[in-house]
């Protein structure tokens, strides 16, 4: 029992719940009935089913999967929060006290690789954030996937995803972390391609998988190299064991690659790890997969872009931060302008990505695409902050961003849901009620698995509409394709879905960093403050980062406002938008989809106040009179080795003013362009004639990065494959094979000749010999037991005689 | 080996110690085996008297008072008779058989405790010893039947061996009960263990089993198909005459009484009785009880008709053996349980009547239950046999299996 | 007590005699009896060794008891076999039961 | 070594068993052979008594003489082995030679060098021995011989069934 109460062991239990849920759901809910595809609205999309029957989860397995999945994540939520609060309650937590426990894992050669769990301040904040966000996403999924035939699979997969994320959070060594990392990669692949009937979906899935895989391989190289040098992968052993001896070693050994260019082993490993993170957190060269990942269900987008995967990349870097900063000969000191290659790389890449993605986000019309790009740019913020040594600020931003970005995605998801609802409504009105009643089964199933009998009629209607509209959709697919995610089709949703509207607004303002009251403001302000401090001391990278981030923040505020206005304000630009809605204020779908929004809104606002700088006027003395709580907590997660110790930027009015200005300015500009006189239907985006159509299309098409990659990588590899196919395979290898075959035929003929006289001769000779020998031997087989026994006895006596003689018993009886 | 009493005296007298021990042992053996040799002579007279009374005769009354000396006269007659040995007989075995037969009975007396203080040998494995030497009797009869090279004799011998070997099984199983209760195989300990309660009262069924199978061992009626005069003239001892026949005869008589004594020793408290610590009274008690059972045995012999061999075998294999096995299992389980719940004394030697009471009640109840079952079974079988007999179908069909 | 090797000598003699019987007797029953003799010799050795070398253990007696069991089983089955062989071939001479002669 | 009664008894018993054995292997008449077998086994039982294993002695008498020997006599008579014996032995000389060689090897090769010459193997190392009660407990106790005991019981059952099946008349049904 002590196992379940001792905080040293409890971390083991944290990932357990979701993983168990995954296993149980996978094994137990394999019962599905085939139903004609017309019967179901299919998640948020309409895959081209034709009339192919699809497997539909039975009500029982829906109920089971939902309950089991929720149970798993709730269990890990309870366990991890108990651990976290116990940890925070402890005063020297992080300095002298960390919770952890490890056991032997793999024996390689002489030394044993140990696997274990660890809770130090960094994990603690992750463990505070991840389970609650994931729980919200789970609850949300109940409603969002209510009509999806594969709901059980969905819950299984996100349970596995959550389990992997938690594993990554509690692991105490790099390899174990990498395991969780890879499992998350797999889950993201499966979930992005969840609606694999859609070509775009599975293509996006493959894209994400391959892109991240490239990065992961390089990261694995880094891990292997690290292990090769230090002989361990345990974080605390690497970084804190007898204050950084291993770091000294890492810093002093020149790298095997570019060692001559002043690369230390630490820097090389750092670069490798950062490349891994660039892939995982979608930084500049490898960011292309993330916008396409929007093909997955919206909860998945929230999962990947807010709570789990992208933050995992940043988390890994903060985890290994001392390695990047390095020690010994090549040691860096970002606060005094000394940079190692990895830090520089992070600063540049992060800052550039932040702005780059922001610009792209401006021109998108897809609700989720805008959020995707904003995610990329926010991650860029974090990377940049890490690059300039402000890892506490980066962590802070990681947490707040997780909250408000999850909030944004979920509310955008409910917007999409509302739009679809409206769309079905429209179709249903267009064609009356015929065939609307033939879907009792689906309705019943959904009703039962929600256990909400009292809303059955609304729900029934909903299902009916869905089904009907769905059936219609195939008929009318080509005549007009309606995209429920296009903001141009929305507008005026403020009154249709008020809860979603307020949630979206809170999240958006937080993202834009609306001053003083939103979490995003405080975290962004930290980063800017750090950057400004470096810039005032005249360090180039700091200045670069500061400028880029300021502009990016401005754009962020702008497109956030644009999104808000286009979506919620003004008049409904289409009939669908006019009838949008979550199917009634209190049906189970809207409830399960709105509850998480409320929870997350709370965090999106108040999560910021744990990190208010001490000397901020008024608020500082209110919220963190004893110094910023978050700062002091996380700072302890990295042992202050002098050059790593985060600096406490004294309150400086300029960056604050800057962040005030960019936030409010961006918001105001957005309001001016879109809010004051909202877009009418069919009216083009005013941005076009401001930017000029060419630039606008460039941005809209993501700077043609995808086409570039297609040209650079895809086409050549296809060409090479083609070449290999035609020349090498068909020409060379096949001819070789044919030659071998012909040779074999000749040899066969030869052997056949050989057979006739040699083999047959021998083959007949052997039995003949055996026959003769047998004829001679059979005389001994008299069948007379006593003769046999006599032989046995004689032999035994002889053996005994030999033994006696050899043992000298006969020679000299003593 | 200790050397006391007579051995000591001889040793003091200047004999070599080994020889002294040997002589003293020899004397002891003679004394012990003297008792049965003398009793048997009386027993023959007693038996003849009782048989005569049962058959409404007077019995021997001429020689001596009440014909007491009749046996000596017969003995004399047997001794002066001509001793015939068939020419085709196997001489050695033919002559050895009667000796072995008598010795097998006599050897049993070596372990019988006459009084708390007087017994031939207190063997650690007395019961086993007793059974073993009793099995020698089988051998002797076999030998006799075969050696006298006579087909009647051989048939008789076959019957005997079949009968005895079969009936040894229930006997041994029924002897397991006293051993199990007393926790020892020494006859002395077994008798001591019955100070509080006779085993015959605690486990009557095994007493009955032992009595029946002992009766069969002696080859007395209703099991006297060994010397079934009407079928095979006299059985295995047809060729014997003179003193050899007398030995078989004496062995048989003695065996009956020995069985009575063993029954008393195993099940009816041996020499226990009022004032048992006085040797003579103890001996008197033993003899008294023994003669009661001896009388019962004679009674049965003279009143019950002979059974057919197949009936005997069927009764043994299909009734006695299963019953005895079940009996052992039930009683062992009960005793173990009672000991676990501390209602039975761990060691029965010296246990008082009160201590023994609960165990006794439980075992008795179990025995009564089993007895009711087996009696009902036998009754139904008997009815079936009678029905079959009335329908003039061969009885064996109904009885056998 | 007499030295250990007395018993060993007697056992060895018994064993050799049994061996001789097994090897040479024409009659199957006699062969089985000789086997019994050999088993007995083994038993004597077991008990003697137990008594002289490890009297504080129980193994000697226990093994002897098991040898009894085995001997009984062997005798029963062997005799049964002999009887059935006799029934089929009207001979108890193992030398004549040589259907397996090569 | 003074002549104690033990020594006398040992000599007597060993003579009994050896003579019996000789009778077994040489007798013309198989019935006598069985008798001789019993005599020999009886001698062995006496040795068991001398070796302070009275239980084994009693079991020897009971099992061998009481059961096995009777079994043999039955077999002898059923198979009329008595009558149809022409010659007693086959390959007499070589067998005698083999047996004698075996005996010689045993005595000269093992007993003489190991046991006769070894002074501390002459007498029992202790006079206290395990009793029949210990034997019974060891048969009952799980960490001792309980399992072999059960297996032995199983073996006996199997033997009984097997013997019946083998020896029954093959022509009748069931």
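Going in written order, the chains are labelled A, B, C and D, and every chain counts its residues from 1.
One rule holds for everything that comes next: a residue touches a chain if its C-beta (ideal position, glycine included) is under 8 Å from a C-beta of that chain, and two chains touch if they have at least 3 such contacts.
Nothing here was measured: the structure is a model prediction, and the numbers come from that model.
Participant: More C-beta pairs touching across which pair, A-D or B-D?
Facilitator: B-D
Participant: Could you put a whole-Å number on the gap between the CA centroids of subunit A and subunit C?
Facilitator: 79
Participant: On a C-alpha centroid basis, what's the spacing between subunit B and subunit D, in Å?
Facilitator: Roughly 28 Å, centre to centre.
Participant: Between subunit C and subunit D, what is the separation of their C-alpha centroids in Å?
Facilitator: About 6 Å separates the centre of subunit C from that of subunit D.
Participant: Please output the residue numbers of subunit D that touch at least 2 other chains, ranges allowed.
Facilitator: Only 6-7, 55, 59, 67, 74, 90-91, 95, 98, 102, 116 qualify.
Participant: Quick check: what residues of subunit A touch more than one other chain, meaning two or more?
Facilitator: Within subunit A, residues 786, 790, 793 contact more than one other chain.
Participant: Which subunit B residues sit where two or more other chains touch them?
Facilitator: Residues of subunit B never touch two or more of the other chains.
Participant: Using the contact rule from the top, write out all pairs of chains that touch.
Facilitator: A-C, A-D, B-D, C-D
Participant: Tell me, which parts of subunit A touch subunit D in their complex?
Facilitator: Against subunit D, the touching part of subunit A is residues 786, 790, 793-794, 796-797, 800-801, 803-804, 809-810, 813-814.
Participant: Subunit C touches which residues of subunit D in the complex?
Facilitator: By the definition above, subunit D touches subunit C via 1, 6-7, 10, 14, 17-18, 21-22, 24-25, 30, 33-34, 37, 40-41, 44, 47-48, 50-53, 55-56, 59-60, 63-64, 67-68, 71-72, 74-76, 78-79, 81, 84-85, 87-92, 95-96, 98-100, 102-103, 106-107, 111, 115-116, 121-130, 134-135, 138-139, 144-145, 148, 152, 155-156, 158-160, 162-164, 166-167, 169-170.
Participant: In the complex formed with subunit A, which residues of subunit D make contact?
Facilitator: Residue positions touching the partner: 90-91, 94-95, 98, 101-102, 105, 108-110, 112-114, 116-117.
Participant: Quick one: in the complex, what on subunit A touches subunit C?
Facilitator: Touching subunit C: residues 777-786, 789-790, 793 of subunit A.
Participant: Considering the complex alone, what residue numbers of subunit D touch subunit B?
Facilitator: Subunit D reaches subunit B through residues 2-8, 29, 31-32, 35, 38, 54-55, 58-59, 61-62, 65-67, 69-70, 73-74, 77, 131-132.
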